[in-house]
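Both complexes below contain subunit A, partnered by subunit B and then by subunit C.
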Partner chain A sequence: MLAFKLAFKNLVGAGLRTWLNVSVLSFAFVVIVFYNGMLDGWNRQGRSDTKAWETGNGQYWHPLYDRYDPFSLQDAHAVVTGEAAKLTKENQITPILITQATAYPQGRMLNVMLKGIDPNQKILMIPSGSLKAQNGEIPALIGKRMAESTHLQKGDHVLVRWRDVNGTFDAREILITEIFSSNVPTIDVSQIYVPLSSLQEMTGMKDEATFLVANGTLNNTEIKGWTFKDSKFLLKDFDEMIDTKKGGSRIIYLLLLSIALLAIFDTQVLSIFRRQKEIGTYIALGMTRSRVIRLFTVEGSMHSILALILGSLYGIPLMLLINKYGIPMPKSADQAGIAISEKIIPFYSLGMLVSTVLLVVISATIVSYFPTRRISKMKPTDALKGKIQ
Partner chain B sequence: MEPTIIPMKKLIISIILCLFLFPVFAQDAKNILEKVDRNMSSKNRIMESSMTIHGKRSSRTLTSKTWSEGMDKSFSEYLSPAADKGTKMLKLEGQLWIYSPTTDRIIQISGHMLRQSVMGSDLSYEDMMDDRKLTDLYNAKVIKEEKLGDRNTYVLQLTAKVDNVAYFSQKVWIDTERYIPLQQEMYAKSNQLLKRTELKDVKQIQGRWFPTTIVYKDMLKQGNGTEFKMTSILFDQKIPEYIFSKAALKQ
Partner chain C sequence: MQNSEIIKIENLTKRYHMGENDFTALRNINLTFSKGEFTGLVGPSGSGKTTLLNIIGSLDNPTEGNAIVLGNSVSELTHKQSAVLRNYHIGFIFQTYNLLSVYTVFDNVEFALLLQKHTVAERQKMVMEALDWVGLADKAQSKPAQLSGGECQRVSIARAMVKRPEIVLADEPSANLDAANSHHIIQTMKKLNRELNTTFIFATHDEKVMQYLDRIIHLKDGRIEKDLIMPDSKTESHVSL
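Showing the complex of A and B:
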């Protein structure tokens, strides 16, 4: 306790030098917390949006389906029968059928995915309820990104060409009945949603689907003829992207932390050099060398405690403000094909806060300890005389 | 308004005429297609051609030399532009390989890849590869006679009789004297016109009439289609067998 009291007195006594070190360290602390909070917030939002709009709580794929290979679609479809049909009736899964097609908005040629979705499904947030047949026309639903790139509006007709199950071309005009807005670009860009039964009829794939999206209650139930893909697999791309972002941000905040720690290191070296007489006195009064080392180490690491307090003083109101208004993202941010909302609300988990505090305190203690090792080599008599050692 | 009444006698005559004429037309259609096949096919041919792809903003021209034997053997080498020079294609009994000099590799185009466009043109590899006879794929009937430009033509309506055809129905305009197709239209199941092919500049080569310019047009997209011009063509030549081998691709 004595060491803490002494350390605190010494630090406060050092005046501006201490507060400069503390300020830089507190800035590094706040930046680390903010950056991690922002990435965690994005991660939570992105994962929940992707699950709500695209992946559900897992999917059952046709064994030949490969989401990265559009050519696999030609063969990756099967009739939804038995257990799968039963679960579909119970609204526990919803079948999706996909086929490659070409759309011709304003005479331009655009490769698209035609996706058949049940208008009555409730598992995904896609507003499939608006896929109501009108005067024998095929109703279609597109996302706002697709609408922007094709200049299509609600009520427009667009010609679509596709091939049926035998490879024979067919083409018809479809009617855009709704344009939806989603944070998940992978369900929007170059995609057109039509009623499942219409697509099955158009392609000659009666009662067939490419994959089945599960709701939360299924829990990996096996369905014969379909391969279950869990959320970990389906969100792999997103998780990898967040990990990459975290890796990149780690470099930035470690650099910032290094600058703050270097300042503490310098202060410690200077303290030991200038306070040799004080060190000699402590030892002469009966303190062991290790106790003096502890005293100086605690003094150095106290910088981090003060930095945490200072950082909290301006960081907490700042972060509360950011949480209230969110961080606006530029419109082009989702062009990389990753789910991102218009505003990111940072999320500060207890684990992240504790680990950041530990990182700052432990690293400050380590850099404070190294210069103090010289004390163990000091002769108390020379130290008392103030001889440079 | 009084309803129009068709006299019974007239109606019976019309039905009888239809019943008699329909088989005649059906028979004619088959004969016509066979005559076209005979006219258009040869033992082999060596041809130099240019393919101009008219895009929305610009056009580009590729020139090539092709050796072909029957319907199922063909070897093409692109001569220009510089970016495509040396690219070679070998079609051998339903299989297709492409050699690209930039990568120095031979790749086989198969399965769904066959549905991609050939060098960015309005033609797909599948269009190029389909060597089945029209009579094997379609039921044909003559629907009318029509003047196309200054030529008299039979208009044939072809409707698919097998499942695995790209186009459900086609209309073909065939010259009544020379028995060569002058225009072809491909339709979707919904009767939407998808592609139109015009065959022009008919010349007499080695005693047979042959169209030397073909314009392929995807009717759903903008642009003026792809123009295929044969600058020289020789029929029934001696073509060494090694031409139609994978080894020839890298030579």
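Showing the complex of A and C:
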């Protein structure tokens, strides 16, 4: 306690030098919290959107299905029977059938995925309810990214060509009945949704599906003939992207932190050189060397405490303001292919705040301690004279 | 008051390594100091006065021989034991005052007590009492930079005396002061010496200080040249405790 009291007095007494160090360190602290908060906010938002629009709470895949290999679609389909059919009726899973196709919007040729989805499903947020039969026409649903790239609008007809289960090409016009907007580009770009029953009929894959999307109640229940993929697996790409972003931001804020810590280190070295008489006096007055080392270490690490206080003073209002309005993301951001909304609302978890505080305090303590080791080698008589070079 | 022997120096030699050569600062010193002495180590620069004070204060160790301070052999003390000896039993007064500039006068004097186990109220009482001794109670909240040299040295005396040590070691306490302040400072110390029976040992070559000393030990080239008792030394005149 004594060391804290003395260190605080010494720090405040040092004036401008202290406040410069504290300001730089507080800036590093606020930037670290902000960066992490932004990425955590994006992570939470992205995961939640991806689950709501694409992955549900896990999926049951046909054993041959590989989402990175479109050729696997040819064989990766099976009839939804038994337990799977029962769960479908209970709305605990919803089947999705996928086939490769070519669309010809305004005479141009475009490779697409035709996805069959039950118009009555409630598990995914895709507005499949708009896929109602339209006078014998096949209703289709596309996302706004797809609509923008193909210039298709609601009410437009577009020719699609696909291969059925036997490999025979067939083609038909479909009617765009709805254009939906989603933060998840992977369910939108180059994808056309049609009623499941229509796609099953078009491909000759009666009652078949490529995978089954589960709601939250199934809890990893086994379904014979289907392989369960949990959210961790399904969100792997998203998590990897966030990790990459975190890696990049870590470099920036570690650089900032290093500059602040270097300033503290420099101050400590200078302090110990300039305050030799003071150190000698402490020893003469009855302090042990280890106690003097502790005093100087606490003094250095207290920069971090003051930085946390100062950072909180301007950082909290700033972050509340940012949380109110969100961080607008450029339109091109969703070209990255992962879920990203127009505005990111940062999220500051207690764990992140505590770990950032610990990072700042511990690193400041370490850089404060190293220069003080010199004190243990000082002769008090030389220190009192200020003779040590 | 019983004036028992509290410091015993036996065959003490101190050598420093200076490059490839050794410099002998003290040579075979034998001395004793009794409780309540007001003694000066006198001699020119380099005679070994400060070195002897530092060894008595357990800030340095003898190369040969021994210094026994309040029953403790200085050369056998650990760092921690030395610190305890200084903290509880020895007060220091420096030529350049060595006050902590960011602290107030009160904080500077209180510092020595912070290392001991006193309550806040006890510390407050002891500090104000010590500041009263040196006539600076009204400057308790001033910073050292706001004080004159004489006032700074008085704060330094209060800091040394606040813990009621048995021994006070003063290294050239008047060297940076004018004549009037020098007299005032030395009179204050003499008064404290009389009232509290504290042993004062000075390193000095200031004639003004010498007038007040009860015993003068002349050092030259690290040897004791003369050890004189001064029966007609000046006493304090107007300083009241």
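As a working rule, the second predicted complex is superposed on the first by the 388 of 389 C-alpha atoms of A that agree within 3 Å, B and C clash if a C-alpha of one lies under 4 Å from a C-alpha of the other, contacts with A are read in each partner's own complex, and residues count from 1 in each chain.
Here is the rule we go by: a residue touches a chain if its C-beta (ideal position, glycine included) is under 8 Å from a C-beta of that chain, and two chains touch if they have at least 3 such contacts.
Fair warning: this is a prediction, and the values are worked out from it, not measured in the lab.
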Three-chain arrangement built on subunit A, subunit B and subunit C clash or fit: fit
Partner chain(s) touched by A:Lys206 [first = subunit B, second = subunit C, both, neither]: neither
First (subunit B), second (subunit C), both or neither touched by A:Arg274: neither
Touching partner for A:Phe71 - first (subunit B), second (subunit C), both, neither: first
Touched partner set for A:Arg373, first subunit B, second subunit C, both or neither: neither
Which of subunit B and subunit C A:Ala14 touches, first, second, both or neither: second
Contact breadth on subunit A, by residue count: subunit C or subunit B: C
Superposed model, angle subtended at subunit A by subunit C and subunit B (C-alpha, nearest 10 degrees): 150
Which of subunit B and subunit C A:Arg108 touches, first, second, both or neither: first
Smallest distance from any CA atom of subunit C to any CA atom of subunit B, in Å, after fitting: 74
Subunit A residues touching subunit C - in the complex, by the definition given at the top: 2, 5-6, 9-10, 12-14, 277-278, 280-281, 283-291, 379-381, 384
Subunit A-touching residues of subunit C, taken from the complex the two chains share: 54, 57, 59-60, 79-80, 83-84, 86-88, 92, 94, 96, 98, 100-103, 107, 111-112, 114-115, 159
Touching residues on subunit A, where the partner in the complex is subunit B: 71, 74, 102, 104, 107-109, 159, 161, 163-164, 166-172
Subunit B residues within the subunit A interface of the complex: 56, 111-113, 115, 160, 163-168, 186, 188-190, 192, 194, 218, 220-222
